[in-house]
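Two complexes are shown next, each including chain A; its partner changes from chain B in the first to chain C in the second.
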Partner chain A sequence: MAVGQVDVLVGLPTLNNAATVVNIAKAIHVSFTRDLPRLRTVIINSDAGSTDGTPELIRDASFEHGDMVQTSHSLRTMHRVVTPYHGIPGKNTALQSLFAAAVLTQAETLVVIDPAGPATTAERVTELITPIWRAEVEFLAPRYRRHPRDGALVTQLVRPLVRAVYGVELDEPLGAEFACSGRFASHCLEQDIWQQDAATFAIDLWLRTEAIAHGLTIGQIWRPPTASAAPTTLRQAVRQILLSLLVALRAHESFWHTASDAVKLPTWGDDRTKCPGAAEWDHVALAVQAQHDISEIRPLLEGVLDPAVLSRLVDEIGATDPRLDDELWVRIVYDFLGASNRGSAGMDHLADMFVPIYMWRAARFMSFTAHEPDDVAQTRLNTLCDAFLRLKPLLVNSWTVEV
Partner chain B sequence: MRTDAHAEPFAPASMPMYRSADPLWYKDAVFYQLHVKSFADSNGDGIGDFPGLTAKLDHVSSLGVDCLWLQPMYPSPFKDDGYDISDYVNIHPSYGTLQDFERFLEQAHSRGLRVIIELVLNHTSDQHAWFAEARSSRDNPRRDWYVWSDTDDRYRGVRIIFIDTELSNWAWDPVSKSYYWHRFFSHQPDLNYDNPAVRDEVWQVMKFWLDLGVDGFRVDAVPYLVEREGTSCENLPETHDVLKELRAKLDAHFTGRVLLAEANMWPEDVRPYFGNGDEFHMSFHFPIMPRIFMALRLEDRKPLIDIIERTPSIPDTCQWAIFLRNHDELTLEMVTEIERQYMWDEYAKDPRARINLGIRRRLATLMEGDRRRVQLMSGLLMSLPGSPIMYYGDEIGMGDNMYLGDRNSVRTPMQWSNGVNAGFSNADPERLWLPLVSNALYGYQAVNVDSQQRNPTSLLNWTRRLIEVRRSTRVFGRGSIEFLKPANHRVLAFTRTLGRERALVVCNLAGTAQVAELDLSALAGAIPIEMFGGSIFPRIGREPYPVMIGPYDFYWFRLRWL
Partner chain C sequence: MIQQIADALVQSWQNFATAFALFVPRLIAATIIFGVGFLVALIFRRLIHQLLVSLHFDRVTHRIGANEMLRNAGMPAAELLIAKIVFWIVWIGFMLSAVDTLQFAPFQGLVDEFFRFVPRFLVALLVFTLGFLIGNFLWRATLLAAVSAGVPGARLLSGSLRILVIGIGVVMALEQLGLATGVVLTAFAITFGALMLGAAIAFGLGGRDAAKQLLERQFRNSRDRDSDAAPHL
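On to the complex of A and B.
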């Protein structure tokens, strides 16, 4: 690669992001020019075959004029590499290309910016680069200001599970953006995750958990609220997350079995954004739908859930005075993960069974917190994290039990 | 009067056999800058002198350079390294006599070497007889030769140049009970160029030396000659008028002489000093120098290309003077704050290396003694647009002494041999005007002319070859430059074009081997012939031309259509 050895590589995986990429590329350029003038830098756009001119926009964007670099002047040549990647289009293939580029250029720091993510400014690009470049951490994950009633899949499932299982208080295990050391990129490239079918959607979670399991120093950085994820059905989303969790847990089994507590992570940047409002949910309708669906699949659940757990679930669904039973929810999740690992049923079937239970849990949390102050709702989320941690031995048992 | 007794029979003084008879010789010339006091001492007083310099002219001549530039050699109290002149038409007694100078000049000319000397126009020493008269009374006829005021509030807002030592541009004269104007040190009163008598006298000074045979002047501190209320008192139109007047007189009386301006400014700001070819023949290109160093350290051609591309064109009869090192610090005035900090961090980690806004080190030490980097830097100096100026001692990789005051670190005696006082002087070592560099890496025992003379692969002999190759074509002195910009930013590649003559230069700025694909399609059909060894490279086609190049290596190709 003509770019040669670099200090910082910023990757921009794209697929039809014409609306945002020019501003993002300019922000990166200003960051390089104004804040990191001494470093050897490169922007690499790894494109999945955009049809809206995304690569051309990046290649042709002029960064030398206008209001960007009036007072600053880069010491070095600024490289932009636009390259389509080969293989099956997907996040994992794009990241694999960027990791390979990082290895090839011996980059000390790799930053991946999500072109569909929150508005990127030069300051935010620099904030992502700096802790890695200064070797203060080796992996930096974004942290978003969320309303406690927003992003239930994260707050009710992924966050507390990852905290409990991996022993790290990581807020956003699924974020698309991150920064890491070149050493970690090189390590990841050697793992066998890339060719797995699930890697397309499991890669974000795997990267974070791999960083934890590999013993990297990890930090978080405040970022603006992320835009909504790509449109997908709830079933698809739940399925993908279950599978992602399974891929990660299988990969790091020897690590998480012995991990304990939940270590706090250092956080960089300012929490400059105002907390967004609560998501509007028709939790009553959601609960009715969930109740109906769970009743229909009850016989199937007998093969997944512990009888006592299933009994409690049935009681809860039919209760006239429902409770927010964290322990029940945690046990269900752990039973499902155990069943997934044991292969008690196909992933599609398990996901189909899990969807109404998740809907029930989400609706229950919404209804309980609908009239509560935000801080009380947040406390409930923290309590849930504690429950996941406290009951972790159940997962270990469920995971390893011989059927 | 010329002392023909010393003239060599094959080169009578009346017919100097210059290496180029072209009136525009300075466009092709390689200059060699030296301190008389640091070059060679003939009388054992520890200070270099003109007889000593004359005896060493064969060394200078053997380098293949065209012109010597001498640091100030005038009588002076030496409060500013001789730039405080107390007599413009004589030689400092430590350096010899006027006759010694004439003999030196004659011998230089006899070897085809031209000589330019310093001309400090802006100010004199306060020890000069003109100033003594001017301050003696307000009625003295020379009173108006300097800039006086009863108050110190005229020309308010004009910047102070030496902010470390001066509080004002006005100094109180207790003799005449008034203030005098000085842009530099307070012991250097500014001449009043609004006075026609001053302009005439300065011309007489120039004519004195020109009549003796000097080939031009390096004119010091040119932007400050004239003062006007409400202005910065720099680069004023009236200053240009003075300079044009002197140039017109020069042209009316002499041919083939050159005026070289010292104006440490951005190239676009220096451009007016060329006028329409009717002001200075040459001017230093200050900003290019730190960027050569920067490009090498960054392993990135960007800084160099940026500054050359922002350099305006100049009249055909004019030329830029470029250099790597000189008698001053490696000045970092013409860089941004970020660039300056970078240069300090990379080239002056030891705070003792820093002085003013620059670095007081020589080329070899800046390159950490790496022969490959020294050669690359010299290769760049000799191939970039402009006439190169080499600083004495750099041809053998002399070191410096940061423990000496001011900029004396780079003014130590020339290292001729590994004998007593490096062959510079027979004086007791304690008497040398500056101590010799004597450390294990750069000391005269290891780095000297004699030993390098005996080694065919020495830096000295390589430098001679470099200059010889440069002199084989005019394209480096007069050609246009076009950058090629291959994807690999560590490779600097450019062509120089003069009529049908064309050279291709490829430099690896990195300490690792590099490859670059050059777009030479516009030169399809040409055969690159490597200029140092004559090797013929594959003919250029329409396809990208791959060039593999070792660490800090460079190629000069002559392009031939055969």
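On to the complex of A and C.
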């Protein structure tokens, strides 16, 4: 189908999302026709090979009947393209296709919608499109209301690290949805990230950090909390996120060495959702497992961690009166990142070594905050972010030091 | 009689003088070779060291765990150790050449033997290094995999594998050097066989119930350990 030039391109990277995709496509359609009738728009579904009929559902969905768009119609041509992509399955391949489509159609605004998003409405879609279309911002990242004890992998590692290293108070460096300018899509297409193996799972983080490092104006937008449909185990998730961080840090080394402070970002949308409760998990069992695993791999940690840091870690693990030592955790993270850059061990091995240490930290945070009020737990998270920022020179030193 | 003694003394003196006259130049030549050899070996040592430093060889050795092992053994860093080995090989070659110049009958042919030995030594060194590298890699990979899978005794398992692989490397290196080949091979075969047999008997007969419980716990742990990432994301 010849689409021609468009103003707004909305991408739906799908893989077996039959349960939600029709409603989302309808929400996008309503957004186009009701809120943005003067814009030339296109929905592109980039499907990774769904076996549940997702592409057919989008292609055959009727947007002319029923209770949806009855009062308004788009004044401009609106297209709907469903395309399977070729190559190695993964979100990076889907996004590459969408970015290429944005460049070909000269779209000024590119929005990528999470096909599993439970609460995607026309209003939410319009909210994502508008700030980019009005050129108020060049990259828009989602922001979720979280319970302070929820998402430890984000709150204990990714968020504080990205804030400290990139100097931007980004809440959700791993979110699935985003909106960006066509210029940024074109820039991303020229980068060599797409061919890297790690891009399969590192692409979301890389996009955000690339936008920061490229000097784009960044904003955040409130989105409804997602039901973290993690298709993986905790070990795999920790490994993937650590590898993603390494990919991003290596790609933007020249930028983050000089970045300082943490700039607040403007936020769009309104926070209509109530803060969800914390997800429950057995942190006591995880602590026992982490303690055992760290003891087992201690000889390997000697090659990664500074001797003083390792000694403190061992003392903490064996302590009868444990503390929540933010500085120790930050030093461990920075030592691991530095070791990866120096090639102290293979990245896969380093990630495997990091898993039990994360489990120890997450379990320790949960046990400390289990009986604390939410605001106290939130204060602890903010203190952790400060610790990452304060100790950043250690990372710069560890990253560049010769063995 | 006195004349004969005098003749003998004169003859001896002449022989000594002739031998001395022949020996002194060889001694001087040997000394020069010795000294020059020392200087050449020193230059080689510095060149090799600088080359390895410029190639960031320390990163490689750090990554494969050789630095740690050398440090524990009280030895210098790997690039310095290699430079020293090169120094001694070059200097020993010159020393033997110097001794050969002196033409002492018992030391005849030492140079030839040395230069036949050097390639074997280098191959043995290579074999040992490979054994060490493979052993360390397997140790690290096995330890991490076993810990991730919740296998009990992960350190014992991985450590045993490391010793086994490095041991095989040592035996192969010694065999290459031709040092007590029969004794080394026999000792290794006996030790290895005894250990394996002992372990098999202990595990298969002595600990059947324990093995059963261990395997059951292992499968149960594996399931438990694969916790969901969702609450963490």
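Everything that follows uses one rule, which is that the second predicted complex is superposed on the first by the 400 of 403 C-alpha atoms of A that agree within 3 Å, B and C clash if a C-alpha of one lies under 4 Å from a C-alpha of the other, contacts with A are read in each partner's own complex, and residues count from 1 in each chain.
Note that a contact is a pair of C-beta atoms (placed from the backbone, for glycine too) under 8 Å apart; a residue touches a chain by one contact, two chains touch by 3 or more.
Nothing here was measured: the structure is a model prediction, and the numbers come from that model.
Taking chain A as the reference chain, the count of touched residues is higher for C when chain B and chain C are set side by side. Of the two partner chains placed by the overlay, only chain C lies in contact with A:232; chain B stays clear of it. In the superposition on chain A, no contact is made by A:393 with either chain B or chain C.
By the touch criterion stated above, A:307 is placed in contact with neither chain B nor chain C. Of the two partner chains, chain C is the only one that A:280 touches; chain B does not reach it.
Contacts of A:215 after superposition on the shared chain: neither chain B nor chain C is touched. Within chain A, no residue touches chain B in one complex and chain C in the other.
Chain A makes touch with chain B in their complex at residues 2-4, 37-38, 40, 72-77, 79.
Across the complex, chain A meets chain C through its residues 150-154, 174, 228-230, 232-238, 279-281, 285-286, 289, 293, 296-297, 299-300, 302-303, 342-346, 349, 352-353, 355-356, 362, 402-403. Partner chain A is touched in their complex by these residues of chain C: 56, 58-59, 62-63, 65, 67-68, 140-141, 143-148, 150, 154-155, 224-233. Across the complex, chain A is touched by residues 294, 298, 300-303, 336, 338-339, 342, 486-490, 510, 514, 516 of chain B.
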